[in-house]
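Multiple structures follow.
In what follows, chain A forms one complex with chain B and a second complex with chain C.
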Partner chain A sequence: MRIKVERRLETPKFIYILIPLASIIASLIFVGILLFLIGVNPIDAYSTMIYRAFGTKFGVTELFVKTAPIILTGLAVSIPLRAGLWNIGAEGQLYMGAFAASFIALYLSPPPVVLPFMVIMAVLAGMMWASIPGVLKAKFELNEIISTLLLNYVAIYWVEYLVYGPMKGKEVYNFPYSDLFSDYAILPRFFGTRFHAGVIVAFILAIAIYILITRTSYGFAVKIVGANPKAAEYAGISRKKIIISTMILGGAIAGFAGMMEVSGLHMRLRAAVSPGYGYTGIPVALLARGNPLFVIMAAFLFGLLYVGGSAMQTTYGIPVAVVDVFQALVVLFIIGGDFFTRYRISFVFREASA
Partner chain B sequence: MLESEFIASLIAASMRAGTPLLFATLGEIITERSGVLNLGLEGVMITGAMVGFYFSYVTGNPWIGILAGGFAGLLLAMVHAFFTVTLKVDQAVTGLMLVLFGLGITGFLGRGLVGEVASYLQPVKLPLLSEIPYIGTAVFSHDPLVYIGILIVPLLWFFMNKTRYGMELYAVGENPEAADTVGISVDRIRFIAVLTGGFLVGIAGAHLSLAYAKVWTDGLTAGRGWICLALVIFSGWMPQRAIFGAYLFGGLDVLSFKLQAAGLGVSYHFMRMVPYIFTILVLLFSVIREREKFGAPSALGKPYIREQKY
Partner chain C sequence: MSLLLWQGGKGCNFYKLVEHYQGIEINMGNRKTKTERGWALQGENSDIILEMKNITKVFPGVVANDRVNLEVRRGEIHGLLGENGAGKTTLMSILYGLYRPDEGEIIFDGEKRVFSSPKDAIESGIGMVHQHFMLVNKMSALNNILLGYKTPGDPLLDYEWAREKIRSIIEVYGIDAELDERVINMSVGEEQRVEILKSLFRDVKLLILDEPTSVLTPIESERLFQALKRMSEKGLTVLFITHKLREALEVTDRITVLRKGRNVGTLITKRTDEKELARLMVGREIDMKIEKKRVEAGKDVLKLENVYARNDRGLMALKGISLSVREGEILGIAGVSGNGQKELEEVIIGLRPVEKGKILFNGEDITFSSVRKRTRLGISCIPENRIETGLAPSLTIEENLILRDYESFSRNGFMEFDMIEAHAEKLVEEYGIKTPSTKAPARTLSGGNIQRLIIARELSRNPLFLIASQPTRGLDIAGIDYVRRKLISLAEEGKAILLISEDLEEIVQISDRIAVIFEGEIRGIFDRENVDIDRIGLLMSGGADN
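Showing the complex of A and B:
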């Protein structure tokens, strides 16, 4: 017996909805089995997760607070991805943004105007950090996956170095924290919760990026470079410029995410500014297929996971790492399922040999 | 003679720290030679590290741990092979998800092993050779996997360059259409190459937890998988060059500890950035130098689907 793979000529529409849904359910089942194996009732765990996210005012606002940075990192991955580039470095770009914003907040604050200044510097820092792999890719064809990832480690250790050393706060005992920012350097919060102004900006940015990539000639150029680099060349579009500019745009957004986290949430620079939002941007971008509006939806799914993940940690002592497992599984199931949208599989028995 | 002692201990430590890098780099060279890119090294390696540690912890025999680590690597590689070779899915995406999966599952299941002690690989002093002053402690007093790693290099070179199977591997990675035409099963060779590579990467992880670090911690591999991906490029996909890269980066890894121990007042956190910056520079250097005769297999990263006529 032989397995025969044929290209589908037509794909039924429902498959495009069915596959993501089935993938999410399959991943929930798989993680449920893992939970069961370590002695946690998966149904209890999942209900706790849902209740935490939707059952209280705190939960709902937390969901938004955790979704916002994921929207931003999802965009930071999506934009270069449309040009065929993998920005695995959103995590590092976020850390550099957090560093730049904190530096301004702690040392250079002309009080009333400090917030916009923090935003500008964070965005610049993210852009600068993303421009390194962008330029190396454009000029030397250096693999951007490896370079962006290695730069993540550099950025994370840089922030660790600072909060253990030069920027360590005076009254933080042995914690790797800087001092608290002054009130001027903290984003306004609403409803008496942690819901801060940055969340709203994240949503606006997603819509703005949607318009940029669907309604402008720049967005069109990016799409052509991603879909068909040769055609782009004939159309007179500079592939190098698109490579560098999409990376920088992604870095700018991730850099802002860093500012938002330190100014809106932590109110200081600290080690582990992000629990891996930069990496979560990858499954988000894949689920959203590069569409910024879908990025918002996918980000909510993973935001829910982070809220639920921390609820499961406090209630059952389950490590948050389970979120990573879930993310990986969803994507693997989706791309595995994607195969069935493109190909039809049939089993061929011996007599059919050519 | 204090300086010679320092250098001897630095060489010894470089070889020990370089051995996991060597195994993982060799594993990825085999994988990539077949035309399959496995970006999941970091995830495969850490899974090997945790599973290896667990089995040594339970059985008390580090060799069982090493083998178990290898098989864990093989299992994850099988997922990669199934997705990329059988289903022809995007290799980059699958690899990246293996990283997330490996880091996640080890953080999840390895929680109970943090702080535990497992029996680790004991160093073996080679008779007579280890008696040589300085050189003896630097080169001839290691755990057996260090020597095995050194032995694999010429064997792999011979296999890849002088045997029929090596040639087939080469053909599949360079020109799968042509290989297919002459009757070589592209998918089968790729599958075997990915599994073999995964086995070596798993062993690399197990060496990390059972001979180098001697403990299990969350995120133990700390980016070594990515450094090895860069080392593959640096070595030009040649095993004989991989060993230099691996020991060089092993040395870099331990240098920060040694400098700190020597009381030079260099911040530990600052030194931790150095290997990653250095990796990018080395990568850049390799890419610029070999731009014309770049050693990458031509079909690397491209799924092979036999053309169909309707």
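Showing the complex of A and C:
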């Protein structure tokens, strides 16, 4: 028997839906096997997750609270991805946004306008951080995957340095925390839960970005660069400008996510502001194929995993890292699945005579 | 790995590799019995090493090879001459196992053969050096030569044995290469020598060289010719594909001329000359069926003054081009591809920087203007590479139809989808683009319809000037006729047109003036009234004009 790999002339539409779904299912099965191997019944584990996220008011609001930053980082990855760029740096951009917002909240706070000021500075910090790989890519063709990834560590350790050192709070004992923000610097919360105003903003932003990239001429230009950079140049679109602007836009959104986390949840700057939302943005953008409305859907899936993941930790003693395993598997399956959009595999049982 | 999910992994090397060996097969048992290497001896006394009889190959809409016969004698250098699209590469691809012929048979070394893959051909003793080299840049010459070869003592590589063998090849044929140098550091000429060594290392009896001088400097070409002559003296047979008359005359023993997929004659080199070859290659009968009214040419629309530009390799590709295109006129650029046509197109539309010189558009200096500015001034372009440059294949027909003017289809930054749809429907109707829907991806269109789409887009902009680069390449008769008539009617409306084409017949048929380009220089400009095909053919091939 031989396996024959043939190039597809046409990719059937269902493949594009099938691949993300199959990737999710395959990842669930693999994580299930992993759970089984450490002696946890996967079906019990998964149903605990579902119950924790949907069964209580606390669970549902927590789901939204965890989903919101993932929507934002998903957007931060999606926009450059539409132009064919990989922004692996949403995590770092988020940290820089968190830092900038906290700096304003703690040291420069003219009370009534502090929130808008925090937003602006966080967005600027995210933009600045994303512009570095953007400019390097546009000017010198420096691989953005590497530069964005490495800049994450710079940002994360910068924040850690601050909360262990100069910005360490006076009343936090030995925790790597800053002081609490003043009330003016904290996002309003609703329903007596952690559901804060940032969640609503995240949804509005997703819709706004959807309009930007599907309805405007800028979005069209980004699409052409992503589809065929050579044709874009021929159409008079500057590829460099699109590279830099999509990166900066992504950075702005991730920076806002950072502000939202410190101002909406933690109410202070701390080490580990994000449990890896920036990286979660990558599978989210991949599952959504860059479409912001699908980003919302995919973000809910991962929000569910985060909520359920912490439930599994308390119930079964499984580390939350199981969420990372799931994420990595989804990315691997999607990238692997891409092969099937281009090639068809057939099994030949008898060789045709020459 | 950018674009991976998006465009289906354009940037991913693995896929490229798979694509390159399209239809790669993973063998799981059921292994074929290999041809023993010793079999070739049986034909050793025969004078004819290769005979291709009545080879016919039809691609959709094109007959690439039409009952071609080719006979190559042992130990000769045989030239295969013809314009681009004459069927040279198709014929060689059939011989090398890349294509299967629809009809006809191949007799190699006295045995009837059908090669099913290059591997098959190499094992039988046929080597090919492609126009674009197939070397791994980051590996040394030695490793490139050994790649895929089993030295004695396999699976271990016997480098000493290999070096010894290569040394003896270098001694015999005088083709030298620095074995430990990485390919990335090599000149093009040296890369080519590595390719040739790769074939010789596999003990080929017949070596095919596809346009070997197209990337070489004159000195490197000379060196190659010396080596080829030595190979032939040592009994190796060489098949030399070219479109340059001079080279064919200089290095070959016999020449087969192909024109439009047919063998129009095999000549003994010593008994022929440039004139005869040019006539055979280009053909006498120029079809003048389409009537082009002579429009009184108006003022200069586009003017190039002493323009220099470099190609992608950094070599000077345009060397002081001066020309002007006037209102109501078609200026045809005749020439064999690779002589600066692509660079000329890109310099005019603004994709390639000008090294020296000036470009004027209606008197305005646009030498350093952006693509967008030039587009707005009224420069349209049917690019040579339609799918790679002219189209975003994954986007819809609608979107592709506004590719170059998308900003005029928006209001306050928002796209006007109704307008775009109406525009697309109008153009699909007007230009007869055959598609079930304007929302279908452009890649679902056939070649002819893709060309119609691009023409529709470029002409509907109501341009003042149009560059049409190879506008009928790959089209069927009806498509060709359609495109030519469109160009003529556009010129008759008073537009200026620059027609770049390898098809000399096309140039002669519809141009008002003809400029001949060779190695980045304009070698001569003819008026329609006093066209001399023989002289154009000669100039195109680098012959002297006297």
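Quick note on the criterion: the second predicted complex is superposed on the first by the 329 of 354 C-alpha atoms of A that agree within 3 Å, B and C clash if a C-alpha of one lies under 4 Å from a C-alpha of the other, contacts with A are read in each partner's own complex, and residues count from 1 in each chain.
The rule is short, and it goes like this: contacts are C-beta pairs under 8 Å (C-beta built on N, C-alpha and C of every residue); 3 or more make two chains touch, one makes a residue touch a chain.
As the structure is a computational prediction, the values presented were derived from the model and not from experiment.
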Partner chain(s) touched by A:141 [first = chain B, second = chain C, both, neither]: first
Which superposed partner A:34 touches (first chain B, second chain C, both, neither): first
Partner chain(s) touched by A:200 [first = chain B, second = chain C, both, neither]: neither
Which superposed partner A:323 touches (first chain B, second chain C, both, neither): first
Touching partner for A:124 - first (chain B), second (chain C), both, neither: neither
Which of chain B and chain C A:26 touches, first, second, both or neither: neither
Contacts of A:289 with chain B and chain C, given as first, second, both or neither: second
Touched partner set for A:161, first chain B, second chain C, both or neither: first
First, second, both or neither for A:332, with chain B first and chain C second: first
Footprint overlap on chain A, comparing chain B with chain C: 5-7, 86, 145, 286, 335, 338-339
Touch list for chain C against partner chain A, complex: 1-9, 15, 18-19, 22-30, 114, 116, 349-351, 370-375, 381, 383, 388-395, 399, 403-404, 406-407, 409-410, 413-415, 444
Of all residues in chain A, those that touch chain C in their complex: 1-7, 10-11, 81-82, 84-86, 144-145, 215-221, 223-224, 226-228, 230-238, 286, 289-290, 334-335, 338-339, 341-343, 351, 354
Chain A partner contacts - residues on chain B that touch it in the complex: 39, 79, 83, 87-90, 92-94, 96-98, 100-101, 103-109, 111, 218, 222-223, 226-227, 229-230, 233, 267, 269-270, 272-273, 276-277, 279-280, 283-284, 287-288, 291, 305, 308
Complex contacts: residues of chain A adjacent to chain B: 5-7, 34, 38, 86, 88, 136, 140-143, 145-147, 149-151, 153-154, 157-158, 160-161, 164-165, 279, 282-283, 286, 318-329, 331-332, 335-336, 338-339
